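First chain A sits with chain B, and in the next complex the same chain sits with chain C.
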Partner chain A sequence: MNMNRRQFFRVCSAGLGGSSIALMGFSPNAALAEVRTFKLARATETRNICPYCSVSCGVLIYSTGDKSKNAPAEIIHIEGDPDNPVNRGTLCPKGAGLRDMIQSQNRLKWPEVREAGSSEWKRISWMEAFDRIAKHMKADRDANFVAQNEAGVTVNRWTSTAFLASSAAPNEAGYLTVKTIRALGMTSIDTQARI
Partner chain B sequence: MQTSNLAFQPPAEEAAPYLLPDGSTLFAGRAERFAALAGGHSLGDWLAFLGRLSRAQHDALQALPELPLPDAARLAQAKTHAMPPLDASAPPAAWRDALRRIAGQLAADAPAAARRALEALAAADDAWLDRLATGLLAGEAAAEDAAELPFVAAALQVVFTQLAGRLDASALQPLDAAGVCPCCGSAPVASIVRIGSAIANLRYLHCSLCNTEWNVPRAVCTACGGDKDVALHEIEGGGQPVRAETCDSCQSYLKIVYQDKDPQVDPVADDLATLALDLLVDEAGYQRSGPNLLLIGAQGE
Partner chain C sequence: MTNHWVDIKNADLIFVMGGNPAEAHPCGFKWAIEAKKHRKARLVVVDPRFNRTASVADYYAPIRPGSDIAFLGGVINYLLSKDKIHHDYVKAYTNASFLIDEGFAFEDGIFSGYNDEKRSYDKATWKYQLDKDGYAMVDDTLQHPRCAFQLLKAHYSRYTPDVVQKVCGTPKEAFLKVCEYIAETAAPDKTMTNLYALGWTEHSVGSQNIRSMAIIQLLLGNMGMAGGGINALRGHANVQGITDFALYAQNLPGYLAVPSEAEPDLQTFLEKKTPKMLRPGQMNFGQNLPKWYVSLHKAWWGDAANKDNGFAYDFMPKLAGASDVLSIFDQMYQGKVHGFLCQGFNPLASVANKKKVSDALAKLKYMVVMDPLATDTSEFWKPHGEFNEVDPGKIATEVFRLPTTLFAETSGSFTNSGRVIQWRWKAADGPGDAKDDTEIMASLFLKLKEMYAKEGGAYAEPIQKLTWGYRIPNKPSPEELMMEFNGKALADVTDPKDPTKVLVKAGEQLPSFAMLRDDGSTTCGNWIYCGVWSQAGNNSARRDNSDPSGLGQTLNWGFAWPVNRRILYNRASADLAGKPWDPKRTVLKWLGDKWGGNDIPDMRPDAKPEELVMPFIMTGEGVGRLFAVGLMAEGPFPEHYEPFESPLETNPMHPKNPKARANPAARVYKGDMEAFGTAKDFPYVGTTYRLTEHFHYWTKQSKINAIVQPEQFVEIGEELAKEKGIAAGDRVKVRSNRGFIKAVAVVTKRIKALDVDGRKVHTIGIPIHYGFKGATKPGFITNTLTPFVGDANTQTPEYKAFLVNIEKA
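Let's turn to the complex of A and B:
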């Protein structure tokens, strides 16, 4: 009987007894009995980019938990991606601590507000946060917008508020950020990617 | 404020995409690894025997005369068509000498069944040996030859390892067919994550026949190239430097060994010392995507 290629590669419990191990005179029985006491542990391996700065180092993320089996995913290890041409497997101290940042108890996961005069942070919804930010921006822009300078030249600038953009944004989001902010007349714009 | 330019330095050496086998140490190192793994192992006798087989491979390789490499026209043709420079379907005749040498060296120290196989091989005519080799290299071996085939494979590894080791690594290129050896076109036995200055933590596939290694990105399926459903399986609490890299897209797996967890790991020896992992991953429904030629006929049915 000839094996096909797929069978040729295969190694399975039912096969060891008729394999070259047994035919050469060695017993696979102890190994077969031992396997019954073993269990498989599974981790997924994923590529990603470190969120901290403009260098954008590649990272490999290892997590346990199988989505199909309803187990909550947990990140168990993060290391530099050796295949990434930017960092070649290395990470700075901040990047090397990424897992602790992700699992930190103090990590901010939703909008919070501390009202004037209060010492407490209060959780608010994303919609409420957007509304409050928009109101603050409009009030400041209405008060400080400069349509013309002393010489009477139209300048349409708003210099009393600044904007700090995300370092994790792609080119397209960066383009839209500048379009939106410049349309409001804001002159001070920077990005976390420079920090 | 005074400013000065940062002294950016390019890496001292580029990571090599291809690592050719070093015949002077490869099989001797594998023999030591087999011997180290055999202690206290449930298949210890078998692993120790394979260690002696690797030692015989080392001796046969040292005794092997320098075989002719493919000529310039053949190399150019392979280059043009992105084909492997070595033709694994046509082993040089010297492989039979290597086999007889290995058989002679091992027979005295082998279990009765293995000794019968070795004596049959030593006495066999060229036609039968060539038939065994052709079937093995085509991946269509006959199950009833399973006792002889690992020795045939060992001899073929010796000649192809010598040939591959003498090729020009800078002339190698990725082939049209994905996931096969750039020197001889054979399937890989396992991956190894290497240590070293330029190649630290890079993954190389290890050829099951000629022991050449070629770089493949990590966290990518070595069979289908997908990166969406790659997972690593290991035996719980096993503490071994070996995992099975599975892919849910193509339902295949191949083992990956980590040199940073144990600098002595060997893709061939550690693969055979972790058969329990194969059995469990096979039960979980994954198909192995490359052979270990020192173990034949473990497919069942």
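Let's turn to the complex of A and C:
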């Protein structure tokens, strides 16, 4: 039986006779594809941007749930945003795999530490992580902060702890990062932009 | 990019060299195909590999890796000797007519002022001749022997088609064909766009590769035009934004000069860094530096930054000298860096010479990795078979690994390489206990602030006084942060011409950087982003994609910096009288009383054409620079130098001068010079590249990408394969003087041997994407092979041309 999706549903909606056509195995391919459309129709659509290359393609992220309390969203599908003037709905083989990146087996879920000389990771709390890291930073800063150079010029810098920043972070995270690390006196700073 | 992605469709010639957008930027490359389809544009590709961009090109020419300047120098010579330049444009909008200092000279590969021991130049002679008023002297006839035009002509006269063939290995006929196509765009109504990426930057002469193209585009009159420009395709989705925010040492947000110890106070700093006017009546827009700089300090330190303390000038750390990824790892290697915070970065894989990076990390006291994924770097201390042979018992580095959210799990803005800032919305929470980068940075900072308040310690004032008006202190929202870096008025901002007229009321968001003041009455965390969140709200979230001009400008989609301008230098798209060079592609025109058209004017809006305010407003002279005054590390004109590891013993341009063999101004650290290999042991050229299916060292963590490109391979030509007895699918070992990798051999017709300076040069292509962590098959890190040397200006490592050997594994 050769019919398109719309015809198929028109027939089905005509009554029991219609649905029995499907039962008899005459469902067209398009009807099977319809299952996915239905799932997306119930999903929440969020506009975002592919984080890979600097074409920065617009994407539509579909997630289950309606963002109500106790209904955590799960991302079920990502496709190109047709409104975006640059990618106009397209995604490349990199971007087409975005969902698998978000759901990678190698996502980190909690803070960990590898102690000096140890061969393994150990789970720690955020509080312990911030506490220990801040202690390291303060000890290094206090010991190595240079207020004045040899010529007596005020330089107020801390070069012995370095910071490499992400080019995949949003502008707002980048801004807060540069603001805080400069305030700490850091000058050993770089980003992926160079490589 | 000076232009933007969609604008590529407006070109007549798309010239791709130093990039491979069909594979690395597929969705942006569609605009090149659009130009071919709808404008009958020509696509020309010059590359060592016949890549997928080449496969859809109208013309392809091969080139030896690392010889781009010889090729482009040849193009410059062709254009000048055949008189294929846009004369009116060159005369008016470039420094062709400017007279250059009598002391400037070039001899056997070295410019005047070279210091052999320091490997650097004293640039005192790389400047204009000035008249008694301090303005540059010009000769409008372009005949004066010291004018930039004549010096340019003389410099590139050596780059003949025969020399190009000898140095680049490009057949002369192919080179001349490319020149012919490029020369066609010298017509005022024809444009060439240039697309490049890491294929140009990742060389010890990377910046000069791009400078060469800048000279060509100025000679052809293609800057400022729709379908023209110099377009860096760039890396990550927000690499442009993070560069704009200066997450690196040598600048502050908005490319502001950063103070160094040579400028002890604010006044000295501003006097030294504020550019001087070099021709009468020009905009010299950089003269506003004091407004931008003071507003940044006000954004960061609020009331603690005031006139009496030089707006807290001492709070800003003074630059210590070189500080880039290579110098940082060298310092770490020497034991001078003890702590390292690594935010969304995988340096073990992405920095040159993995062994040196790994040894450097092992010397740290502590390392903090903030990342959504388990990266190779975070496990540098962990044995992973032959891919990472280390002994954890001997590594004392304490490593923290903090889980962060990914793009889909945060809101905020990204800036694409066309400078368009676009807002993104959060779709889901991150897994487990993952936190946003902002929360991690805020929490660490607040913890330190609290410790300094309790315990005291080294100079805590800049920490205690840092503005922190966020509603939830440990979770600054992206909206609050964008409003902050946009900036606001602290007091009423008035019109300088009429102080009774209030332009912006106290407390309001600023509409543009024209409102910034140097008296402390405005704040702005990044002047070029000013306007992105005005009183009208979040302009980066605008989603009107209408395009009335048909040029793809979409001025109401997102917000482009600066001031929503889509094509930089767009004043140059019209002639001196303000009439567009090509009325069919009008970007800007003089409307009789003001500038208007299809973009935000890159010009004072009421500057009458007869005032002769020139288009390149960021230079003190208002024109584009054929001769680069004092800015480049290795000379005002690009010159061909061999890669540090080259199959040639000498530079064929200067065979008798060993000092001019490789970039004379490139920085080489102790131990790294010794780690360079020679052609005797490593006879083949290695060049790294990227695959369509992978993005850097990131997608190897994603299952579907791992399925489509599961395993490390190297690509060799049929001739070399035959010589070495290697068949497609064989396991091979590729060695450099720094280490080896093993991979599967792919034997192709895409890389051919070239005849260079009387010998045959084979090139081996090496994709970068693999490592020991991820969903792909565990593999070696490609940067085990690459040399620890970078471009003399940017320190971008030389990943595109080095020496290797290959054998069956």
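By our rule, the second predicted complex is superposed on the first by the 103 of 195 C-alpha atoms of A that agree within 3 Å, B and C clash if a C-alpha of one lies under 4 Å from a C-alpha of the other, contacts with A are read in each partner's own complex, and residues count from 1 in each chain.
What we mean here is this: a residue touches a chain if its C-beta (ideal position, glycine included) is under 8 Å from a C-beta of that chain, and two chains touch if they have at least 3 such contacts.
On a predicted model such as this, the values are computed, not experimentally measured, just so you know.
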item: Winner by number of chain A residues touched, once chain B and chain C are compared; value: C
item: Chain B versus chain C as contact partner of A:Pro51, first or second or both or neither; value: second
item: Partner chain in contact with A:His77 - chain B first, chain C second, else both or neither; value: neither
item: Which of chain B and chain C A:Lys122 touches, first, second, both or neither; value: neither
item: Which of chain B and chain C A:Ala41 touches, first, second, both or neither; value: first
item: Shared contact residues on chain A - chain B and chain C; value: 44, 46-47, 80, 83, 88
item: Complex contact set, residues of chain A against chain B; value: 1-16, 18-21, 23-26, 28, 30-35, 38-47, 60, 62, 79-83, 88-89
item: Residue numbers on chain A that touch chain C, as the complex places them; value: 44, 46-58, 61, 63, 72-75, 78, 80, 83-88, 90-98, 100-102, 104-119, 121, 126, 129-138, 140-142, 144-145, 147, 149, 151, 153-180, 182-195
item: Residue ranges of chain B touching chain A (in the complex, touch as defined); value: 11, 42-43, 45-46, 49, 110-114, 117, 135, 139-144, 146-147, 149-150, 187, 200-203, 217-219, 227, 230-236, 238, 245, 275-284, 287-292, 294-301
